[in-house]
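Alright, structures below, take your time with them.
Two complexes follow with subunit A in common, the first pairing it with subunit B and the second with subunit C.
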Partner chain A sequence: MAFAWKASGLTYNRYLAITARVVRRSLKEQPRLQAERRGEMELRFAKWEKSKQGENKNLAEVNSADMAEHAGKE
Partner chain B sequence: MLSRAVRPALNAGTAVSARPVTANAANYATLREIEQRLKSIKNIEKITKTMKIVASTKLTRAQRAMTESRSYGETSNTVFEKAETKPIKGEDKKTLIIVASSDKGLCGGIHSGLTRATRRMLTENPNSDLVILGEKCKTQLGRTNAKHIRLSFAGVGKDVPTFAEALAIADQVSLLPTEYGDVQILYNKFFNATSYEPTPIQAFSEEAIASSPQFALFEIDDEVLANLREYALANSLYWALAEGHACEQSARRNAMDNASKNASDMINKFQILYNRTRQAVITGELVEIITGASASEE
Partner chain C sequence: MNSLRVARAAARIHPSKFIAPLQRRSYADAVSDKIKLTLALPHQSIYKSTDVVQVNISAESGDMGILANHVPSIEQLKPGLVEIIEESGGSKQYFLSGGFAIVQPGSQLSINAVEGFPLDDFSADAVRSQITEAQKIAGGSGSEQDIAEAKIELEVLESLQASLK
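And then the complex of A and B:
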């Protein structure tokens, strides 16, 4: 079984997030506004190396960048 | 920051009330001091009361989210229960501990409870890595166990956690370079409004799922297995985040309730002290006037 999204380097969770976003955006105006609040995310994260905290980065941006990098490898 | 502001006032309060009132009668400066302190404590009480009300309203929403998310997490874990999945314990296999705390303090000891539980797990099993959600546990664990930390997330717990957040976190976690034999998600389990306990949820590695005894019961292709693992991780994370959030709100409500009670106790004490001192000042003045008058009569 080959998945198109897997071939393009997405993880299953990323795939889920994207499909969920599409569904939310295609709703009618009233339920859409409510649903879009559930999709908001303001997480920042940092990698730690050798007991030091790295730079704080926006999670959403890094995630898409990582996926793009992943896609190149496979 | 508020608790720090309260403490000097508290110390000052005990210092003042310990001093005998009659000794420094007729002293205008202390009277004004007491008045100022009284005013600042009243302000603090106002703030803590407001925070309590805010926490109570947030708590109902958080509890609803918690019960909903619990069913997600439990359903996704049923698969592993039925398959009798066991974590792989081996010398060379590392354990990953995900600590689900949040960014904000002023909610009693729930963050330090998590930190303590994490340290205990680390001493039992030193071959572990940490992923920390939330600033509070990050600063606490960063001081003592910095070499174990691999990732830390901030911006958690501002509002009721969303599944999108859980997905994104699970994504980053699964992108970690090391292979883990065992993943534990540590969160505060909500028993009732006043008691919660740091509890781990198990999440399994692909290997562990594949080698579980009843695995043949399910028809799972090897290729889909990775997806199942990632999705289960996201589910468990969502559950842990939502339950932790509910615990935090209820803990904050209790903490602010206690703070308001303490503040009103102190206000009473200071009000009495203020009145006494004021009367002592008036009496002192009267004594001075009368003695002066009787002296000039003679």
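And then the complex of A and C:
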């Protein structure tokens, strides 16, 4: 099976996150406010080099930039 | 000549073999005609090994109905409706955002999805406004990634809109 999302460089994980996000946004006001908190990710990371902490980066942003870079290469 | 004797001997043995306990069924070995369904989201279990009659799922390989004693299989789910026919005869519908359905031996069915809600929780207006927005992005001149994401959203929203009708 050829999936359109795969051809554009997205991972299955990212695909699932998008489908889940759009489902949450389609909810009625009450359940939506409860559910949308689940979609937030605050993970940050930093690379350590020579005993020095590098720049503090947001994991979600770096991931999506990385996927955009690899888009259409498969 | 020899084969005739064997045949006769076999005929003599056979009748007695069939008189013996004629496949009596007790309560313990009666085959259940129910599926044990587990429908789990990361934050909630909707069903926990509950006996149900039938489950209809929309998998990437096609829509399918699962009854008891289904052949073991793994199916990737499309964003779509899952219908559960319960023992009481009533049916429940949930819209799942995507995940996997696993049929295990012994009539066990596990469905794992990221988000799942009953249809009553969805707002048709929210779906409609998101469709116009996603169409704009999909047809626009954004990055390849934005267009791909908008197309995924459109696929989900169209499936959702069809389910809500």
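Simple rule for what comes next: the second predicted complex is superposed on the first by the 65 of 74 C-alpha atoms of A that agree within 3 Å, B and C clash if a C-alpha of one lies under 4 Å from a C-alpha of the other, contacts with A are read in each partner's own complex, and residues count from 1 in each chain.
Here is the rule we use: a contact is a pair of C-beta atoms (placed from the backbone, for glycine too) under 8 Å apart; a residue touches a chain by one contact, two chains touch by 3 or more.
The structure presented is a predicted model; accordingly, all values stated were derived computationally and were not measured.
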item: Combined model on subunit A where subunit B meets subunit C, clash or fit; value: fit
item: Subunit B versus subunit C as contact partner of A:20, first or second or both or neither; value: both
item: Contacts of A:56 with subunit B and subunit C, given as first, second, both or neither; value: first
item: Contacts of A:42 with subunit B and subunit C, given as first, second, both or neither; value: first
item: Least Cα gap, in Å, left between subunit B and subunit C after the two complexes are fitted on chain A; value: 6
item: Subunit C-contacting residues of subunit A that also contact subunit B; value: 1, 16-17, 20, 38
item: Complex contact set, residues of subunit A against subunit C; value: 1, 4-5, 8-10, 15-20, 22-29, 31-32, 35, 38, 64, 67-68, 71-72
item: For the subunit B and subunit A complex, residues of the former touching the latter; value: 142, 146-147, 149-156, 158, 162-165, 167-172, 174-175, 221, 223-224, 226-227, 230-231, 234
item: Subunit B contact footprint on subunit A (complex, rising order); value: 1, 11-14, 16-17, 20-21, 38-48, 50-53, 56, 59-60, 62-63, 66, 70
item: In the complex with subunit A, residue positions of subunit C that touch it; value: 42-43, 60-61, 79, 95, 97-99, 114-115, 117, 121-123, 126-127, 130, 143-145, 147-149, 151-153, 156-157, 160
